[in-house]
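The same subunit A turns up in both complexes below, where it pairs with subunit B and then with subunit C.
== the complex of A and B ==
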């Protein structure tokens, strides 16, 4: 990789990130103009997010590597960025209904700045293709998330949650960086294509294997994959509900996109010949981790009574389903990579609306009744039928009820799995068994809301205004994608095209082989000075 | 000055292995949050040593064309991001101290289930 100054066209492709950074600065500078204003920073943040969305839509047809090959701008990354940015707008709206009244006016710019910073990191995660960019993207997505998780500084649980989050997060990212240093030592390049080329030509040396293990430790922390999942329920329960919503969708979605990209690069570099490249184990390993994550998340969720904690465990298992599908990207198959990526994008789209709906409903219930324990939901069907119906709809969709979006999401995942020869059917079985397992805990809140009689004297209430509009919007999307999935499914398939690296990989491996003896480093014994 | 012995890549890798082992051991044994943070910094610096050593010995920059100083560049990023992470971690520890009057991570056990 020869660093070059970016040309104007590259900067145009980076406009979404540039607008996010500009909005961050604007939000921080607002207090100098008007000290106690809440509206101004919110308008600046929303403006930045919408500008970034427009810039992403304008760049949608572009298809190239920018910044000396460290960012891939393609349909896949741009589609995820649009999802992410629109979702962040909805998170700001959700914050407006839930936490705005409790947030001091001085803290509003801080909150928005941290949120925009995390969105910036996540949008980089979707297109990162060099180790440096992966590190920077993961860190700039993580650091604001740590602070956001403990944003209510005077709550004991909040400070405990963010303490656990930053300790586990910084330890796993440190191990990831150490792994990256070993990958660099083995391959001699930070470029992901070059690394994949070195693995395919030079084989999986022990140094490279340990390095890749470190890289996947960092990735699985962001994905909350077993065994690095234990922070997830604690942090999600402790964080304010809009932050939980944000982390459960945006953070996991970005991590899934990064995993898909890393595996895709390796899959293309091996040219479908996994056995020779020593990468067959990688695909199987990712599939096993995904299956364990899905199952373990469901088992954890069975005994949860706090709704935020329950949804946190359910988000672990949903991440597990997506990891299982992502493992097939690397395996050989008749153009299966695009169909798998398309199914994952479709699942992310559905998952966004299911989780947003469920968390918004939970936030409104929490506001009206002060309950976030599902055993306190008794008699809710009588007190607020609208909310009970909508909440049940979101939970049923998370389970995968036919007719709702969640069902079609799982169907598309399974359809893409059938294209892989052997492992696909094992994965489908795991997915089906897990879906059955999850029915129990998704039905428990519904059971308490509908069937358990509550105290009849408690007041009746109705969701109002923006909250109701958001709930109805999410429900409409889930019904639409559930009843006629072809439009959204076709769109995600179209936008699942990822940067075609074949040419790049050949170039990289050729130059590596020519200059560095197939890109394998032999560590010399002591008292010998190679190089200089 | 006369060179007593040649410093090779292996020496640097040994230093880095000692650092990373010390870091992992610190993270696993310390119960003080700041101790754990020090362990994390040790691992990050081990990675930095690796990057610079690999860049110098194994993949030296061949001007005017060829590989650039990727490893040195990565080390600069590690230093900057480690500083940011340490600042944020200390702020979070301080906030935890305000609420719990301790930075013992074993006391962070109210969230369970």
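== the complex of A and C ==
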């Protein structure tokens, strides 16, 4: 069979990824033109990111599978990509106001190239629908992240975090690849839809179960789900703050999207008949992992005194909330998979701004006072009221104070949970108890900043310029989504539409058999599901 | 009737708060802004009350409803009825006095005033929202300023008290949120088209599906499909609001919060914030789950009487003056819970009146303590005495304030207590909740009536220790009581007398609303 050349239309849909790759090359080539230039690589990277954003926006209406069914271009993936790309722009800006001064000029292209590489991998994660593509996406997101985590090359703690990250990452990747090989052996296809079809028709054979377990180990690592969360606090503390920000939002977000995608395919394939397909256990398993992750993350956070570690633990628990909701994608009860995915996207959107805000504020405080321990925050309300108020606002939003975005994010998650009746109410209870638990550690920095009187002689300072603008922007988004969430919530609901196939199971098995006969992968034709 | 009037009233304090925070506003100016904002809000509330009176005192008036969050069918829905109006008037009038009482705050005055005004909007929002989701948002938002007001301006153990207050109330809110999501899930089964989720607690719109609709009621009644939910939800909401009320044994945040809070914050905490608990019990717990309430009336009654007696005994054992007043609140709020538990009209009226009366008397008692504390810098009851000789005028007003708290006939505290006691005994009559358990009714009635003696005991003993006897030498250094302080005392004192003599002032406003609530509860 003649290898099929990609059709130009498919390339058009890949334009965001292509522009990222181009920008990576450009960033690396810049030193040949002008050595020690900082501005040029930054401009190239930002240009690449913005170009990719524009390309994604231009493709927003498209709805198809490309590259022999290994990438799904749909609203869900495109929306996440836009979020990811814009967030990466902000991360570059954050880097500009924090770590740039400590970075040697000849390190700048490396840093930006790694960042773009990770973004590239993450944007593939949101679309991947074949096992190979999932692996490639996860790896191309992870490898640059390992290097980024250790980017403070002269500090031991940076190398330590990075090494921990690599060891954990490669071990879980190995398990994932092994699982994928078992899945392939059992289902005879690498296509996610085909795998799901094989599970629903052939049942969950032991081989398949072990294979799926391997796949979910890989996902859990990226999600930092318990028990694969150990790397998270160390890496987050060791990495430069803009990398921490990037990993806490983008990396987790991409992993959540991938999880949603995988579960969605299984949910559609089972066509609501979970018992017969043996998928009920999958849904419950994911829910349990989510609940444990959320609870464990919160328990870990209770004892943290380093703000970056605290936020790392908080990000574990937030990932747990999203995993809990994602478990309902398979069986959304009276709701729909789209509404659950919409709630998750909405949460992700708000989570992005909460974390960006909190980390930016922490970075500015760190710069001005040299403190990243919350006990060093004493008296901040007197020294810099603006920063204390904004930081409190971000922390309260992370906790879920009504009137701020974080609360509405949780309400949307819980609304989708109510539709799943009994399971949903168990999840809601877990979520609410966790919220109560989290109040303690989110209030601790606030307590030190506002309630404890500090040394009054220390100088007063003000956040300025771009940093202040970013903080105010994040605060504005959180207030807007907190007071009037309809617009953002409706948008995420609309953009949560995902690929699913509507053909019945017999067709899938037929094509599966055909593919085994011919020795090639045949992808069943796909149709978009009608909108809501 | 202009519906916008109500919205202006709710958000006038927020506008004031924003003005206080403007750069360039001095500390002195921020006090004046806060006073002005409270006066404007008071004016608006009186105007609204007048219009409500003119509007026949019936149903929900001044209603605004506009869609807020489409995805969960939440509305910005506010309005006023007989249940909320007296509490709103209490809030707005007390607020003026609280601003006057905080005139001496000199630490970060601007932030204090702004937070207080922000809290004010939260309190009004709680009393005026008719949408359960909106109610929840206001209920929680009011926690935050309180946390800072106690935590920054409080006494030595302020941090501990502030976070304890926050955690306790938040735990309650979370119980409430579970019930809310449950109701949200169940309401479609009660609506005609089987699709409408609703959060509406009350409305003037006759076509709207409310949480008190007949269908929902039948699902939640004994033997209904969701009877189990009603029983769980009754207790969850009861716990949520009993924490706020507070009812022993869920009261332990209150003595800490009160002792550490600055005087004006104690006043507003006891005067208004505790009433949110009682109000919510009357607005949500009892009307939504009346059958569960009847089913569990005895358990609630026992908890309430335990609270009354436990609070009184604790008050008697205190050596800290402010803590004594704080525990007296626990005891007094027990009467509110008892009045609700027995579910008779008289007891309901009494419970409501008790809230208004306690709002006046406890605010006054805390202020009276604050006046001395500001000068003496301690509150140890064993180190006082002869205060009457030092300041006869202050002593006179103290007599009014503390005796109003004690429930002396002719003062406001008496009416509420006596009506709750009468109503409790009525619960043994045919058709009432206790008709098959007369022994329980009488036990509760007799125990709560005898607690009045305990109340008299701790108040009189305290009065003796502080006011009677010979003047102490250290009093010489105390600054005289100012005119501003006398104004606050006199206003509250006159109110205590007026509401002790003319309960009709409150009952005129509440009568029709209460009649419809009692009818919907299905008890006489």
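Annotations
Please note the rule applied: the second predicted complex is superposed on the first by the 502 of 532 C-alpha atoms of A that agree within 3 Å, B and C clash if a C-alpha of one lies under 4 Å from a C-alpha of the other, contacts with A are read in each partner's own complex, and residues count from 1 in each chain.
Assume a residue touches a chain if its C-beta (ideal position, glycine included) is under 8 Å from a C-beta of that chain, and two chains touch if they have at least 3 such contacts.
Here the structure is a predicted model, which means the values were calculated and not measured.
Touch criterion met: A:174 reaches subunit B, while subunit C stays clear of it. Of the two partner chains, subunit B is the only one touched by A:189; subunit C is not. Legend: residue contacts after superposition of the two complexes on their common chain; A:157 is shown touching subunit B, with no touch to subunit C. Judged by the number of subunit A residues each one touches, B leads among subunit B and subunit C. Touch criterion not met for A:227: it reaches neither subunit B nor subunit C.
In the superposition on chain A, A:303 makes contact with subunit B only, while subunit C stays out of contact range. Contacts from subunit C toward subunit A in the complex involve residues 67-72, 136-137, 140-141, 144, 147-148, 151-152, 158-159, 162-163, 166-167, 170-171, 174, 177-178, 181-182, 184-185.
Against subunit A, in their complex, subunit B makes its touches with residues 5-11, 13, 16, 20, 23, 27, 33, 36-37, 39-41, 43-44, 46-48, 50-51, 54-60, 65-68, 70-71, 73-74, 77-78, 81, 84-85, 88-89, 91-93, 95-96, 98-100, 105, 108, 110-111, 113. Touching subunit C in their complex are the following residues of subunit A: 396, 401-403, 408, 411-412, 414-415, 417-419, 421, 425, 428-429, 432-433, 435-436, 439-440, 443, 447, 450-452, 484-486, 489-490, 493.
Considering their complex, residues 1-3, 131-132, 135-136, 139, 143, 146-147, 150, 153-157, 159-164, 166-167, 170-171, 173-175, 177-178, 180-182, 184-185, 188-190, 233-234, 237-238, 303-306, 309, 515-516, 521, 523-532 of subunit A touch subunit B.
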